[in-house]
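Here come two complexes built around chain A, the first alongside chain B, the second alongside chain C.
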Partner chain A sequence: MSYVTVLDFAAGGLLLCSVLLVWRRDLTAMVRWLSAQGVAVGAIPVSLALHRDDRALLAVGIGVLVFRAVVLPRVLARVLRGEPEPREAQPLVNTSASLLAVAVLTLLADAVSQPIVRLDPTPATQAVPLAVAVVLTGVFMLVTRRRALSQVVGFVMLDNGIAAAAFLTTAGVPLIVEFGASIDVLLAVLVLQILTARMRVKFGGTDVDELRELRD
Partner chain B sequence: MSATLLLLAPLVAPTLAAVAIVLVGWRRSTAIASVTSCGVVLAAGATLAATTHTSNVVLGLVLRADTLTAVMLIVIGAVGVVAIWASVAYLDAELLHGHTTRPRARQYGALVNVFIATMALAVLADNLGVMWIAIEATTVTTAFLVGHRRTRRSLEATWKYVVICSVGIALAFLGTVLLYFASQHAGQGAGALDIDALAARAAHLDPGVTRLAAVLLLLGYGTKVGLAPFHTWLADAHSEAPAPVSALMSGVLLAVAFSAILRVKSVVDVALGPAFLRGGLLILGLLTLLVAASLLLVQRDYKRLLAYSSLEHMGLVAVAAAAGTKLAIAALLLHVLGHGLGKSVLFVAAGHLQLTHQSTAIADVRGVVARNPLLGATLAAGFVALLGLPPFALFASEVAIARGAANAGLAWPLGVALVLALVAFGALVHHGSAMLLGPPTGDAPELVLSLPAAAPMIAGLAGCLLLGIVAAPLTHTLLAAAANVMASR
Partner chain C sequence: MTAVMGAAGVVVQVAAIATGAPVLVGVMRQVRARLEGRRGPGIAQPWREMRKLFGKESIRPEGTTLVFALAPAVLAGSALVASTLIPVATTGSPLDSVGDLFAVIGLLLLGSVALALAGLDTGTAFGGMGASRAMTIGALVEPSALLAVFAVSIPAHSSNLGAIVTAVASHPARSATPAAALACAAMAIVVIAESGRLPVDNPATHLEVTMVHEAMTLEYAGPQLGLLEWAASIRLTLLLALLANLFLPFGIATAHAGLAGLGLGLVAIAAKVVVLASLLAGAEVFLAKLRLFRVPELLAGSFLIGLLAVVVSSFLTATTK
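This part shows the complex of A and B:
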């Protein structure tokens, strides 16, 4: 299998996972698909590294794979353990409308990513629109879901998209930046995990709609 | 002093203070160490300002200081001294009333010092990627500071703050990646995100990709500055955080995030011409002013009043950046420093009011001047400083921003900005005078302010006053800092 095929599979898998994430309501299944998306993100630098015979990139790729397919989903699974009813009961937008929105966002992503593809039309950059679509889908999920955990899933999805875009365009930002950014994301997700636990104690649930004491 | 030491000191001093607090807890000695570490940041900034008139000091691969860095370090150090000094009285009172516990005070002390260190790293970073990491790290470190009080309201504020700012800042990361991509194609691969390297190859960046990157970076860092329409977290977080933390977030963090926009602007202006970001900054700035002015008018909570006033000032700063002349940028920096000091004094004073009244409603606080002349005078002076009246620093900076914008041919947006600023002015005078001079209710609790608790506020006011009267020694530094982020084509 050529590296272009692997790359295309990875980028396609990335988008497929976000469609499935939007489709599923069961939070346990969502965490599993997020882990699968992490594998797709990690596959991008690994395949690039094997193609270019770049050992440093290979090490980074394996690190990214472990971080996004194992570490981050595990933190989310810990949040889930205390959840009495692990379902997104009533998102603000229903499932079919959400899937339609993802389709529109994908077209939009393709349109806005054109300058990137034009600057350097390699097989890798040609997959960037898919990564951008994942970013937009993540934002969409963040604003339309009501459960705290679904919002965190949206945030991680957004971040997966950005990481994929970084590897597809530039084969990764400098190592220190990649490392620092991963630590930051991990810390942010850990903070959100602790806040979700506190929310359960104070509000008796994790429906973000309960948060409405502060307004003008 | 060697350059290496100067660049490392603002990072190492607060980190050591944080370690000390983790080891022995929040005590008098570690509190003094924390205030001293902010003094070190301030001193390093002042020394750098005096030495880097012409050349940049570069250390290794990660740290770099030019005059803009020096000015930002001065802002961080000066407001840090006021806010952390005020934390002593704040935490004493909280512990006394049983609102907090020793372990939480320790967490507060450690986090506040780490917060200072991350902001120092953000302005010392040699590389836009490292700068991004530091700014995202400020969100993580401040999250539990905002949630320090552990109430339902503070939890709600923390959740909104972390989610909105993390998403905003994630978009800025995508922008950084795209800028890196454009930069790699414009020159040799290595160091493609270094501030100097980017400035050198800015003219060769691909316009299409740079345009995308610029939009993402402006929106992303703009979220952290609180620019509308991504301002919704700001009033919640700044009103629910402990008063000294509000002072730091409002007085410094917004300014640090804005300095990131200035760094980006210096590259993008060369690549795309100044008109591109000018449009974006004007739209966001005027929208922010509109939101701030209208919410100031109808405000019923005095901590939110102060938060929206910060929003108003950030709107003005964005308009100044849009003008982009050397005078406007120098005035912007003076404005940020004056606002930081004035606003931190007001937030600290608001903390004392909140502690006494157990309420942040404007209607519950009346006749402060009559009930406690010292607190009343401090609060009044803080309001005068914030309103941009002479002799405080914001008077000079606002006049200069107006002149800078007029010189840049922005007469029409400047007019709109001034009208909105006038509305905000009226709202602040209205609410401020009601709190200061209104007839006190019969059951108003006794308002006490000890001299040690008043000292940091008086120091902050003195700094703001000094800046307004004798800004002359700083003028040269501010203009040099402005030159650091001017497009050099």
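This part shows the complex of A and C:
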């Protein structure tokens, strides 16, 4: 099994997980697929590091793998435990239309990332369109979901795509940069967790559309 | 000599499918019965039922036309023609150059349309409802089927079934790509929808609100019903064999294989199809039928996965060079 195969499967798995995340409405299942996507994101730097014999990148890769496949899904699963009805019942765009929108976004990602691929057509850069597609899908999910938790899932997906694109385009992300980015995401998720808990206490649900009025 | 062997291979292949298909349905029912804690009627039960049906007199409901009378024959005929084109046991079919994967999908569609027209022809409420549902599902399945086919034909540079299967069989390592995995997933959903299994349609139901395939065959009796059931089992077998051979074509006889190779090909495909069918039947125990309005979601998902397979394989053919 060459590293190209591993890299391709990781990139393909990344995209497949984002499709499944858009598809599923059960929030428990979404958190599980998010964890699978974390494995795919982590596999990219690990396979690149083993190919280039780069110890620092390997350390970063293992860190990313643990953070995105274990830590983040754990935090989200904790939020979910208090949720009375863990389903995204009514997204703003229905599931079939969302899936077709993801198809369009994938083609768009392919079109816009062609110049990047053409700069240096290696196996790693050729997978960049897939990472860009995950970024766009994450944004799409962030804006079309009503429940706070599935918006958080969209946000994490967006960040997974950005991390994957960073590893695929550069010769290696320094440990400190990746560490900073990961801590940022973790903080954002923790803040959102507190916010969700507060929302539930105040309003009994986490439907963002019900937050219409400002009050002091 | 190879032409003679190829022709012999096709004859053996069609005969094996025609006799084996009802047995496969029997295996699936038996697996399901055992998993549900029943003893089950045994794997030969579909053949016994068919013998009973063919022994009955032929009845035509009043007011039906030629469309109704011909539909079972068209369905069975199209399934048999498709079984000569698909490399099930051998890739050396002399008809291989005549029809490619698109032709196979067209042939299967021809059968579905004939059955839907027959459902409309009876003029009953159920027939029309079943036909409308079957056509809705069919129209949604078609794009994802074509995309999945397109994705598997990119690496082989041909939509010819024999060429695709030979390419995968001769380079198994090069064919293990994410594109192939995605295409396989899309194709699996297509196969389930096209053969009318759970969660798209329940083959065991006779409940009015949920029937799709059963609603169209409701007015048939006797030999014609037997023919329809036989054709449905052939279609299921063909689709499962196609899925197995497009992605795992190990053991299939090549154009130059002798009788021993052909025998090995038959054993291999029988094993693969039985394993797939048992998995499908086992999964069905845990599934409920989807609401009809949720079926488009499933098929949109399969369309998207098919599209991703095409997109991904267009990157990957560039990388492997």
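Before moving on, here are some points about what is shown:
Here, the second predicted complex is superposed on the first by the 211 of 216 C-alpha atoms of A that agree within 3 Å, B and C clash if a C-alpha of one lies under 4 Å from a C-alpha of the other, contacts with A are read in each partner's own complex, and residues count from 1 in each chain.
Everything that follows uses one rule, which is that a contact is a pair of C-beta atoms (placed from the backbone, for glycine too) under 8 Å apart; a residue touches a chain by one contact, two chains touch by 3 or more.
Just so it is clear, the structure is predicted and the values come from calculations on it, not from any experiment.
Contacts of A:Y3 after superposition: neither chain B nor chain C is touched. In the superposed model, A:L192 makes contact with chain B only, not with chain C. The partner of chain A that touches more of its residues, comparing chain B with chain C, is B.
When the shared chain is aligned, chain C comes close enough to touch A:G13, but chain B does not.
In the superposed model, A:Q126 lies in contact with chain C only, and not with chain B. Judged by the touch definition given at the top, the superposed model places A:A103 against chain C, while chain B stays out of reach. Once both structures are placed on chain A, no chain A residue is touched by chain B and, in the other complex, by chain C.
Those residues of chain A that touch chain B in the complex are listed here as 112, 114-116, 118-120, 135, 139, 142, 148, 151, 155, 158-159, 162, 165-166, 169-170, 173-174, 176-177, 180-181, 183-184, 187-188, 191-192, 195, 198-199, 202-203, 208, 211-214, 216.
Note for the complex: chain C touches chain A at residues 176-179, 181-182, 185, 296-297, 300-301, 303-305, 307-308, 311-312, 315-316, 318-320.
Residues of chain A touching chain C in their complex: 4-5, 8-9, 11-13, 15-16, 19, 23, 95-96, 99-100, 102-103, 106-107, 110, 121, 123, 126-127, 129-130.
Considering their complex, residues 62, 127, 129-130, 132-133, 136-137, 139-140, 143-144, 147, 150, 152-153, 155-160, 162-163, 166-167, 170, 173-174, 176-178, 180-182, 184-185, 193, 206, 208-209, 211-212, 235-236, 239-240, 295, 298-299, 304 of chain B touch chain A.
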